[in-house]
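These notes open a run of structures that come right after.
Paired with chain B in one complex and with chain C in the other, chain A is shared by the two complexes that follow.
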Partner chain A sequence: MEPAGAGARDEEDLVDGGIGDVDGLDDVGADELRSDVDLLLRVWQNEKCAPEILPYEATLVERVREQIQLMEENIEAFATEIKDDLMLSLYRMDVNRTLFLLRSYLRARLHKIERFPIHIVDNPELWDRLSEHEQEYTNKYCEILAKHFEKTVLIRLPDQYGSMLKQTSLASEENDMITQPQLNTFVFCRSRGAIGSFQLDDKGDEAVDLMTDDLYILRYKPVRKLLVTDKIELI
Partner chain B sequence: MAMFGKKGAELVREAKQAQATVDQFRPFNKDLFEQVIKETEEHYSHLQERMSQIRISEPSQGVDPNFVGGCAQHRSVLRNKRCLLAYVNARLGKIQQLRWDLGAVLPDDIAENLSATERTFFQGYSDALGSYMNDINLDLTVDATPPKDPYVQIRVIGNLGEVLLDDQETSLLPNSIHFMTRTEAEPLVLQGLLEIYMG
Partner chain C sequence: MAARSSSDAESALFSGAEVEFLAEDDTVVMVPTLRMDTLHLICGDFGPFMPQVPTSVPLWLGIAMKKRGKCRLRAPEWMTVENLTQVLELERDSPQEFQPLPFHYVEVSRLLMDNARDDLVDVYMVQTLIEDIRNVRFHKVQSGLQNLSGKTHAVKLKNLAAMEVNLIRPFFVKALEKFYIHDDEELIKPTQSEADIQLASVDRLPRRVLRPR
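Let's look at the complex of A and B:
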């Protein structure tokens, strides 16, 4: 961990980054009251439910890790000073829960990287959503994957069919063999504010009224912008 | 040649069955795999043969049968390629899972079911994951399920002797039962030295 992290404690940053320039959404205040662990819980939930990889929450992860370290130090000090096993056990449980959230969050991301590695590498927007270490991992992963397919299958096929990205170099001009996330899948989501009428397709045939705290089952693709700007959360 | 694409389908079916059985890892089906490769080569040589016989015909004369035949061979090559890659890919998924479940070193009885290239892949995957976890300074392979209780009751299987647990020296003799923190127990459970004991 970098000790510098000058902006790490900057709550403003986080709220701005999360909520963005939301018009007509005044209950931002609730967010400032939330603890980092609550935020991580939401980020984790979103990551688990979204079909595509979401932006990496670098500052949040950094702060949560600092807090975990602090808590662990406190527990250690507490253990030597006072012998109260119940309290100690409760503190430990708390740390373990946070650690689980963090690990599970990072695991969910790795899982998505492993499912759509080439799609992510090819798409600059998605690539920028990864942390630096995740990018390194993705590169290595793509490399071993390509090597393995090459050695087992592709080298054995006739030249024109030996590409990992194209079905055949004869007919396909674009890469037509890259696994992509199914963005049209349905997701459960909760509206975090009264967004009002929201269009679900380009034509404007389908619209939905998004009310605060109501639950909806919608296709992921139309609402992905709302997720990135933190107006909804997935559940 | 037998029915087009039948062997490829068998290969995919095997991958599918293997996915359903979680507790074992099947050996690489080299026989079937080679048969599909061979079939693909035959399709390709038929395709070339057809292509060479295509005469440029007037639209009024209808479609050249060589063209139609060539298309069928071409689609068959593509289909077999898909099947082969699907089979290999399904196995890779399982191999990756092995790294998470069993750690960086595979037990011999499982390792022997991997092909040589698969072992190379496992090593590469293990290294990539290992260095990622090292970079972020966090072991992601523990804590797979949400923690209920920070302590678990365990029974010792292997002989571990004196071990430093929670900064206290404890002697873990075979068959003895202990309480320890979940994070400390999990790596040892994965290595098969302890088991979670549900008294």
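Let's look at the complex of A and C:
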């Protein structure tokens, strides 16, 4: 992962103080945008904290992308018209923060794809969670990975060890060399509403009362449904 | 056994800069020293800004303007000597609980002290108090670790703050994962039932030998 939050800060250094006149800057952006950034923040945190890949937020990403593009165009236009360095730099910081968030979200997903490519390809439910571009990327990644293993290691091994997916073709009936996410890991989460008593295992002898805004460390597997239905958020 | 990766603590972890990034979205009250029209940002509309008229903005915005000398920042209500002294006292008195503080109290106070020191009152006192509160709270977290065991399926951490979560995450998660693996009954059961089958077949063997008579 690359150092975070840097984008927003770089911009400050570009524009120094000493601004004289203050002019207006009209009609930039649109209404009710706050919620989209807030949504993306939550989606980003969830994606970073969850061990498996989560459904791709296509419409949200599209909306945020449009807003960033619009804002960048506006800034360019205003930069020539109006010479208010302070306002311009604040607008640039805002765009950079949003860009950082979006990039980090997409990068967190790529990171998971690169860790569990074959697992994702093999699993239709996970496969459907990817965007079109991500699916393309995953396919190509798998292809390259297979070629690489073949060339560097597998070709030199005895036949029965020649598969990338099996330990040996004699002893293993199933593909047992595929890296999978550890779903029994523990996550820090916050309930977004009073869920009440919630079962933590199949046998039903472990339950927890999930109260609004309280913080819990829970095993991921039992609460993954709550996450997908937006009942909890990971932090 | 399918190959499983142990959870990748590195990737799940938020870097210090990322935690700070999140904290910079908290709101702060600023008193501008200039006139400026409303800012229509992607993250919301702020302003219009009038000299001496306090207005709420995200922390990053307030700090950016403060750096250019265009405003004064106001310390949030909880960041006073009075309130923090009380929090520290309560924090010490109740070994099992965490006092309610803003989720990003560590980062927000840090950012304000780094960037708007001259706007704060009793800044040394406030800094010391926050330091003390952090220490007391962290000590509680550490002693709470002793309560973790294989039977731990959920840990409730009421009022724990972002920086504290981030600090304890790698160790807590690793510890709980290991406890969970070693406590897994399904791993123990199969060997037991295999043993049962063997015993049963041993029981039956002599009878079969007797039957032909």
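Methods note: the second predicted complex is superposed on the first by the 201 of 235 C-alpha atoms of A that agree within 3 Å, B and C clash if a C-alpha of one lies under 4 Å from a C-alpha of the other, contacts with A are read in each partner's own complex, and residues count from 1 in each chain.
Assume a residue touches a chain if its C-beta (ideal position, glycine included) is under 8 Å from a C-beta of that chain, and two chains touch if they have at least 3 such contacts.
What you are looking at is a predicted structure, and each value in this text was computed from that prediction instead of being measured.
Undergrad: Given the touch rule stated above, what does A:181 touch, chain B (first), chain C (second), both, or neither?
TA: second
Undergrad: What's your read, chain B or chain C touching more residues of chain A?
TA: After superposing on chain A, more of chain A is contacted by C.
Undergrad: Scan A:108 for contacts with chain B and chain C and give back first, second, both or neither.
TA: The answer is second: A:108 touches chain C but not chain B.
Undergrad: Would you sort A:168 into first (chain B), second (chain C), both or neither based on which partner it touches?
TA: First partner only.
Undergrad: Between chain B and chain C, whom does A:71 touch in the aligned arrangement: first, second, both, or neither?
TA: Only chain C; A:71 stays clear of chain B.
Undergrad: When the two structures are overlaid on chain A, which partner does A:225 contact: first (chain B), second (chain C), both, or neither?
TA: Neither partner.
Undergrad: State whether A:100 touches chain B only (first), chain C only (second), both chains, or neither.
TA: both
Undergrad: Let me test your reading of the model: by the given contact rule, A:37 touches which partner, first (chain B), second (chain C), both or neither?
TA: Only chain C is touched by A:37; chain B is not.
Undergrad: One more residue to check, A:133. First (chain B), second (chain C), both or neither?
TA: first
Undergrad: Just which bits of chain A does chain B share with chain C as contact spots?
TA: In chain A, positions 1, 89, 93, 97, 100, 104 sit in both the chain B and chain C interfaces.
Undergrad: For the complex, which residues does chain A have touching chain C?
TA: Result: residues 1, 3-6, 8, 12, 16-17, 19, 22, 24-30, 33-34, 36-37, 41, 45, 48-49, 51, 64, 67-68, 71, 86-87, 89-91, 93-95, 97-98, 100, 104, 108, 111-112, 115-116, 174, 176-182, 184-188, 200-201, 206, 208, 214-219, 235 of chain A touch chain C.
Undergrad: Help me check something: in the complex, which residues belonging to chain A touch chain B?
TA: By the definition above, chain A touches chain B via 1, 89, 92-93, 96-97, 99-100, 102-104, 106-107, 110, 114, 133-134, 136-137, 140-141, 143-145, 147-149, 151-153, 156-158, 161, 167-168.
Undergrad: Can you list the residues on chain B that touch chain A in the complex?
TA: Residues 37, 40-41, 44, 74, 77-78, 81-82, 84-85, 88-89, 92, 96, 115, 117-118, 120-121, 124-125, 127-129, 131-132, 135-140, 142-143, 146-147, 149-151, 181-183.
Undergrad: State the interface residues of chain C toward chain A in the complex, per the touch definition above.
TA: Listed in rising order, the residues are 1-8, 10-12, 14-15, 17-18, 20-22, 24-25, 34-37, 39-45, 60-61, 64-65, 67-70, 153-160, 162, 165, 169, 172-173, 176-177, 180-181.
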